[in-house]
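As written, the chains take the letters A, B, C, D, E and F, and residue 1 is the first residue of each chain.
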Amino acid sequence: MELLVASAIGVMTAVGIYLILRQRTFPVIVGLAMLSYAVNVFIFASGRIKIGFPPILNKYAETSYTDPLTQALVLTAIVISFGMTAVIVMMALGSFLETGDDRIDMTDKTDGEDA
Amino acid sequence: MIAEILISALLVMAGIFGLVGSFGLLKLPDLMTRLHAPTKATTVGVGGVLIASMAYFLIFEGKLSWHELLITLFLLLTAPITANFIAKAHIHREMTARDLPVTGTERDWATLMPSDEPVQPVMNRVDEPPRQVSDH
Amino acid sequence: MTMFLRRLFPHPYLTLLLFVVWMLLVNQFKIGSLLMALILAIAIPLLTAPYWPDRPRLRSLPAIVGYVLIVLYDIVKSNFIVAGIVLFKKNEDLRPAWFTVPLDLKTPEAITVLAGTITLTPGTLTADMSGDGHVLLIHCLHAPDPDSVRDEIKSRYEARLKRIFE
Amino acid sequence: MMSHWIIAPVVLPAVMGAFIVLTMRHDLLLQRVFSIAATGALAVISLALLWAASVNPPEVYRLGNWPAPFGIVLMLDRLSAVMVALTAFLALAVQIYSASTGWDTRGRHFHALWQFQLMGVCGAFLTADAFNLFVFFEVLLIASYGLMIHSGGRDRLRAGVQYVAYNLVGSTLFLFALATIYSITGTLNMADIAGKVAALPEQDWAMIRVGAILLILVFAIKGALVPMQFWLPATYANAPGPVAALFAVMTKVGAYAMIRTGTLMFPPATPATGTFLSDLILIAALLTLAVGAIGVLGARSLGWLVAFAAIASMGTLFVAISQFTPEATAAALYYTLHSTLAAAILFLVADLVADRRAHLRLTEALPPIARSGLIAALFFAGAIAMAGMPPLSGFLGKLMILDATRGDSMALIWSVILATSLITIVGLSRAGSVLFWKAHASTPEEPAETKDEPLSFAAVFLLIAGLVALTVFAGPVMGWMEATAANLHDPSSYIGANALVEVGK
Amino acid sequence: MTDLGLLDWALTFAFACFGVGLLFNLYRIARAPAVPDRILALDTMVINVIALLVLYGIRTGSGINFEAAMLFAMTGFVSTVAYAKFILRGDIIE
Amino acid sequence: MSLALIAALPFLGALLPGLMIRAGRNACAMTTGFVTALALLMLGLHAPAVLRGEVIQTRIEWLPGLGLNANFFLDGLGLLFAGLILGIGLLIILYARFYLSKSDPMGQFYTYLMLFQGAMVGIVLSDNILLLLVFWELTSLSSFLLIGYWKHLPEGRQGARMALTVTGAGGLAMIAGMLILGNIAGSYDLTVILQNKEAIQASEWYLPALILILLGAFTKSAQFPFHFWLPHAMAAPTPVSAYLHSATMVKAGLFLMARMWPVLAGTPEWFYIVATTGLVTMVLAAKIALFKDDLKALLAFSTVSHLGLITMLLGFGTKAAATVAMFHIINHATFKAALFMSAGIVDHEAHTRDIKRLGGLRHLMPVTFAIALIASLSMAGIPPLNGFLSKEMMLEETAHTVWAGSHWLMPVLATLGALFSVAYSFRFLAHTFLGPVRDDYPHKPHDPGFGMWAAPALLAALVVIIGLVPMTAAGWLVDAAAGAVTGEPVAAKIKHWHGLGSPALWMSVLAVGGGLMLLASHARLDAIWNATPRPEAKRIFDGIVEPLAALARRVTAISHDGSLTRYLAIATVTITALGYYAWATADHGTGTRALTPIQTVPAIGWFLLVVSSLALVAFHRNRLLTLVLVGVIGLMVSVGFAYMSAPDLALTQISVEVATVILLLLALNFLPKTTPVESSGGRKLRDGLIAAFGGTGVGVLIYALMTRDFAFPSIAEYHLANSYKEGGGTNVVNVILVDFRGYDTFGEITVLGIGAIVIYALTEALLRGGPANDRLLAWSPDQRRAGDRHPLMLVVATRLMLPVALIVGVYIFLRGHNMPGGGFIAGLVVAIALVMQYMASGFAWTQARQKIDYHALIGAGVLIAAATGIGAWFNGVPFLTSDFGYVNIWPLEEFELATAALFDLGVFLTVLGAVMLALASLSRIAIRAGETINVDAFDIHPENDGPRTEPATTTTEAR
């Protein structure tokens, strides 16, 4: 499983990087979402993989559990990146409505010359 | 033993129907026919698995789990809506009134009814001189 | 009193349903659960009542149960038929068809149940509705004889629903 | 346990922010009164904390009463106390400016976002938990997104999107780094990490080095260290003036985190990481100085000029940080205080000009503005502070940094610092001459329109007074910073405060 | 998991069926004439995943993932409707 | 203390003019003059002691950590310079009062002047080289203000910038030099450094320090090749020129060389650098002065030349030469200040300084002529004036100096310099004042009032007095100053006549004679001069600075061109490369942890995930399809979590994923539906490589991590062990979230809440007016829309599903502490249920039927969470300390009454409010774009006909 998880993280990261290098806001946002998927799984995997041992305590059995801490961290990370995604989506929309195009580069105007 | 056979049978049947559902998606010729396939995956397929699960937990673990029933109900409730929406999307995208039977009433099919707004080209092609806004 | 009850239970069947759902969710039969179920089953319909104006009156519980059983039976039966079609019938031999079902039903809820039933029973699928809500557009996977399908829908399902809802 | 005051700099703005959103979002006056009062209270509390940190050893605050390293703890030491105090005072002055110039009326939720921004910054300074640092980075970032695009507008939004996108990459990187570090050390408490990293078996060194460098890169983004500085100019130049002024402390969060990380978790003496972090920081810092100074000389608008000046100051700061010696760290801390105020002053001056001008381009002159003389004087003060010229504290800071950077690379460091100073001086003098002198060439008459916002000028004067105080009291301030640096470079008391103790729950 | 051979076999069979089903769905997502087809495939995929989750619950004798299955059903439905509504109207919550 | 006060007085005085100008120009000038006079008086009180050879010191601790202290000392050198600065300063204040016109802001002028004066006094009194640097840089700054005083003159602005740039650069070099010096001496105190000659001159850092310090001195004193800025600084008002460029600022460099003379001088390096520079400067500048037509430019180059002379003398490194240097400093200050003021008077009266337009003023301005006559004769070195005395002594020194083995080079060049000096001095006099009266002056000149000529007249008197009785008038001062410079007692012998055997006599005669001859042929030489191409300082300076500025502009514009894609590419490459570097430069043993076996169905899931991700790259232009693929990926990630023992993650991921897709769909409605092809093949390849590079790095890293065990036991073990016992919950993840790390969660929900209000505020800003609002008002859909907005089946189904989903939400909320679930997921479930309702019947329809304010939800949520934490304070325990107990209030469900549950309620409310507020904001945009609001729940009602809608304005917009 480790190989699958690692390669999946790698692929998602790569796709995310490729997309954040595009020139329109939309693919960049999708790329950021991919990166956040990738990093979430990365955090999760950094607690090592254990199949079939969820961190729900079982009073009746002597069992081992998977790392609950990384899961909690991922949860926090998911929520935060959700908030961030919502904001950037909205800002991208606002920027599109203000300017009439959804380019992410500002090369048409090299210097923020106006007040 | 009988329970085991029963559950196994349910599972096998469920598996087959689930697979048929997905296979239909591949095999059938167009969207409208393909749309029929997943109903099987939904109903007998997942339904079978869920009932097998209930039975399994009741018989082998000694606890009756009702969650599966809820899931089944939910899937049954939503499947028609899903199908309806995808069909409407298909009709909207691919079909005209001529491709469909007439309603026989004064109005056309709901999806094909004229919408209230005119259609314009994409916004960023509108050549509107950007107005400078300043806070000052 | 009736007024009070109607206000307390804007949707008695919904209340019942939620009560059952809660019990299914908590998966345990205790007094506490029952009480919680009751509280929620009363509170939530009250909260959501504005989203469900003009609720239909359901006439008879046995008719509802009967209808559900018939539909379940039909689902299983027709599943096999359609699975056969998917698996064994060549695409060239397939006779998909569009047809319409004019409605006698007027209640939105009833129409929805009918449309859902049509979709759930494999082989047929409710694709759309006429702009006035009086006709359903049905797609049939393999219907050499659409008229018979329409007739069966009307007699087997719609008629029963009419009894339940109107 | 001293008190709950340690967490007040987080809870107070958080509650105030939420309170504003909940109860007074329709009444700007209420917002102003409560928000400024809260910031004032924060300033007072921060002074108390500063005092406490001065007389007491580092103090731990166990959130949820869980023992370290299992729960999250806050640490109040001299460094975090001074950073919180800096933030509070900067925020107070700039907030008065915002209210006085009416910036807070030009969009919604200014004050709530302001409070949340403070919550995030203070939280980041106080926490001793690496993941919690991430969380508060995010708090301060998302609030900064809102403040950056406050009142909207075409360029601001486009720059805002870039700012957010770039920082989201940074946030992702932060998580990669934290997961890597946790995956090796099995802990998140920074003091605990320090101990674990120091004792790390050799086969895990490569991983911890990767984790460390990724972490440093996150802080490099925040601190605008080349080549991660690109987000800054457009962001700061397009942000509302007071927001940019407040952002002056945001880059310092990066610097703070770098100091904390580099002295606590990965000090150069640690075998696993060695000096490779400090070497990289030094190279990047010198480049940052160069990029900043060149940008000051080449900026076409005042906003960009100030932004690049801020970058250059970060370069100077990071040069000092990269030495990781007590002397250099002390100098870095002094320079942190100075450069934060200096950048804020210039951003506010730029805003004062912007308020009276159609544009801030430096390529063409516009007629003189109302209160030109006063604003020019303020600009002059800010510019000499930023350029590190006497008599203001920038000169002292720079002298201290030069004095503290003695080593193999002394000649290089000195050359870069001094050469970039010259470039900065030239750039600033050219800008000032176009903005305030050339104007008189086109139309000799004074403009009729005058807006009187005495409080906004008072706010700038307050910041300048801060610089003057830093200059006059350089001796005591520096003495304090030396003690702080000594604590940082001998983190035993910090680590000791985090030691596992049984806590009665 | 108990050592019931038959049930085990049936489970494996069901796993295989729904697993292969997923691959079919993937094919339909990758190769389809239009987006509605893909939405359909995704919807079916959700259903297959639900089935797999429940099967996994039987195999491990644990009901821990039932909530997940329930939520998959709910979110699968909502997102399918959202995609379709987008095609139909552009604005999904007009 | 009093020395510090002398230095501080001008600074304090700088505060007054701005104020006193309100009382009138006289009051302003008098106040300023009074302050200066006071400082001068205080200095004078110290003079007797200093002349006795005492050194007066004041020490104030400032920045002891650095060794920068406000230490002052006064010796003969300091006395000489401070006296000049304050004394001439006083005269300048007087002169300026009459020179400045009514339109000039006089308060500003005096303020700058006092700042400058303070900085100069500070320099000459500093006993700490860092303190000296402070004042040194201050002179650059204040002179910048003074030179640029006439803001409207482009020459003024440019001259100011040039002066600042050149002297600033020198100052910076000097900082380095001084730091080195201090480092060698072990102190930054001058008195200490001055006693460390051997250590300093023996140090390997001596030469660098010397060069760096001399750079500072040379730039300040306008020595070749840095002489070019001084003439351009002449755009300043004449009082400024007279002050800065005769008596003070330019002499700061000389002062510094004199100050450091005891430790730096006496080496060959010193001699060759300083003496040569001085000599070259003297000759070159004198020659240029001869051909300047602008009176002030002529005087400026003359100043440069004389500074060169003094520099050369200091460079000789002998006691005698240093003594002459001191004497000439005095003399030059007197005659040059007088000359500048005369030139200013001419300019003031005739409205021109162009020598070619002048002449004959002797008749019109006799007083001015008299002053100028005395001063310029002194400058020319005509006996018996003071200029003659020091020039003679200078020539004498050169005659004994050997330069690189040559005995004649020094004297010959020095004589040449003197010759030029005679020539330009006489030219100044002759071409301005002699000759016939002209009728084409721009303004008819006549002598100004007494106030204006009083100051130069006084100076001219000094010229004469020192010339006549040098030993009485200046000898004592020269002795004191030279004694301080050389560190030995000096008794200068200043005489008019050294006898016929003195080489200086003949050199002098040669200079005067040659000079007069040169002047005679000036017209011809001038023609040649004008015809000769030569480097023009301003053009060279501009030629350096402007291209550099342009280059900086280009570099900045190109590197910071607003291309985020490039910024991100650079960032990604940097991150990845440094990651690899960190990895490659240390040990990474192979992991020993046992691998988890791969099963078939998970492998299929992996395949789906990977294929969909890659498909995203291929299909990303079709944005709707992109979202469908994101849906697949999200699904696979969630189910992967479920499989890998993370049910809470599965629940969260899937609900977040849906909420995200919905947000994106809402936004996509207004965005273009496709992404155009913009990247070239090469660009795609580049990005692909970067992506592959980064992805591989991350994959390798996590694989390496997963295949080894923690180096130390994880803190998670504590969480597992204490979750139930101490945290009261069996779902350890949830207990971590609401208890062990509840503080993280507090931050996290705040993030969500902030995000929502950011979105809200942005929406307000967009709808407030402006291009976005205009675009929305003019908006119409870019795709055909179906006729049926609220399909009946969905509406009806939702009526049932909403309550069910809500009850599921309650269930998930309540069980969270022990089983997968909790406030966050519950919040999302409820939010999604509400979204379903929105999709069914429309936003506005739904909104009109509920009374919850989403802002309030967020605020209340955060406040509840915070209050839960604060509540702990009242128990005397830290923020967020939880308390719990299983409460069994019969007959209710046994539920846990944990403060953590209350905290979770805060989480729930915030999440719900945040998601809903974000969606509501998007809907408001749609409404502005012309969305109508339906009156009925669905468009098609079988019992009535057709959709009924109304314009949005009649209904309350979303909150």
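Rule of thumb we're sticking to: contacts are C-beta pairs under 8 Å (C-beta built on N, C-alpha and C of every residue); 3 or more make two chains touch, one makes a residue touch a chain.
Bear in mind that the values here come from a model prediction, so they are computed numbers and not experimental data.
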item: Chain labels contacting subunit C and also subunit E; value: B, F
item: Label of the chain whose CA centroid is most distant from the centroid of subunit E; value: F
item: Chain whose Cα mean lies nearest the overall Cα mean; value: D
item: Chain pair, D-F or A-D, that carries the greater number of C-beta contacts; value: D-F
item: Most distant chain from subunit D, judged by the mean position of its C-alpha atoms; value: C
item: Between subunit C and subunit F, centroid-to-centroid distance (C-alpha), Å; value: 73
item: Chain centre separation (subunit A, subunit B; CA means) in Å; value: 28
item: CA centroid of subunit B to CA centroid of subunit F, Å; value: 62
item: Inter-centroid spacing, subunit E versus subunit D (mean Cα positions, whole Å); value: 49
item: Subunit D, residues touching no fewer than two other chains; value: 131, 135, 138, 142, 145-146, 149, 151-154, 162, 165, 169, 176, 179-180, 182-183, 188, 233-234, 299-300, 304, 354-355, 357-358
item: Subunit F residues counted as touching two or more neighbouring chains; value: 557, 560, 562, 564, 568, 572, 627, 643, 647, 668, 670, 672, 698, 705-706, 710, 714-716, 719, 740-741, 744, 748, 751, 754-755, 758, 762, 765-766, 770-772, 775, 781-783, 785-788, 791, 793-794, 797, 800, 804, 808, 819-820, 922, 940, 946
item: Where subunit E touches two or more other chains, by residue; value: 15-16, 18, 20, 22, 35, 39, 64, 67, 70, 74, 81, 83, 85, 87-88
item: Residues of subunit D that touch subunit A when the two form their complex; value: 131, 135, 138, 141-142, 145-146, 149, 152-155, 157-162, 164-165, 168-169, 171-172, 175-176, 178-180, 182-183, 188, 233-234, 237-238, 299-301, 303-304, 353-355, 357-361
item: Complex interface listing, subunit F residues touching subunit E; value: 600-601, 604-605, 607-608, 611-612, 615, 622, 624-625, 627-629, 631-632, 635, 638-639, 642-643, 647, 650-651, 654-655, 657-658, 661-662, 665-666, 668-669, 781-783, 785-786, 788-789, 794, 805, 808, 812, 819-821, 825, 829, 832-833, 835-836, 838-839, 842-843, 919, 922-923, 926, 931
item: Subunit F-touching residues of subunit E, taken from the complex the two chains share; value: 15-16, 18-20, 22-23, 26, 29-30, 35, 38-39, 42, 45-46, 49, 52-53, 56, 64-65, 67-68, 70-72, 74-76, 78-79, 81-83, 85-94
item: Subunit B-touching residues of subunit E, taken from the complex the two chains share; value: 2, 4, 6-7, 9-11, 13-18, 20-22, 24-25, 27-28, 33-37, 39-41, 43-44, 47-48, 50-51, 54-55, 57-58, 61, 63, 66-67, 69-70, 73-74, 77, 80-81, 83-85, 87-88
item: Subunit F residues touching subunit A - in the complex, by the definition given at the top; value: 557, 560-566, 568-569, 572, 593, 595-599, 602-603, 606, 609-610, 613-614, 616-617, 620, 623, 626-627, 630, 633-634, 637, 640-641, 643-649, 652-653, 656, 659-660, 663-664, 667-668, 670-672, 675-676, 678-679, 687-688, 690-692, 694-696, 698-700, 702-703, 705-707, 709-710, 714-716, 719-720, 723-724, 730-733, 736-737, 740-741, 744-745, 748-749, 751-752, 754-756, 758-759, 762-763, 765-766, 770-772, 775-776, 818-820, 824, 911, 914, 918, 921-922, 925
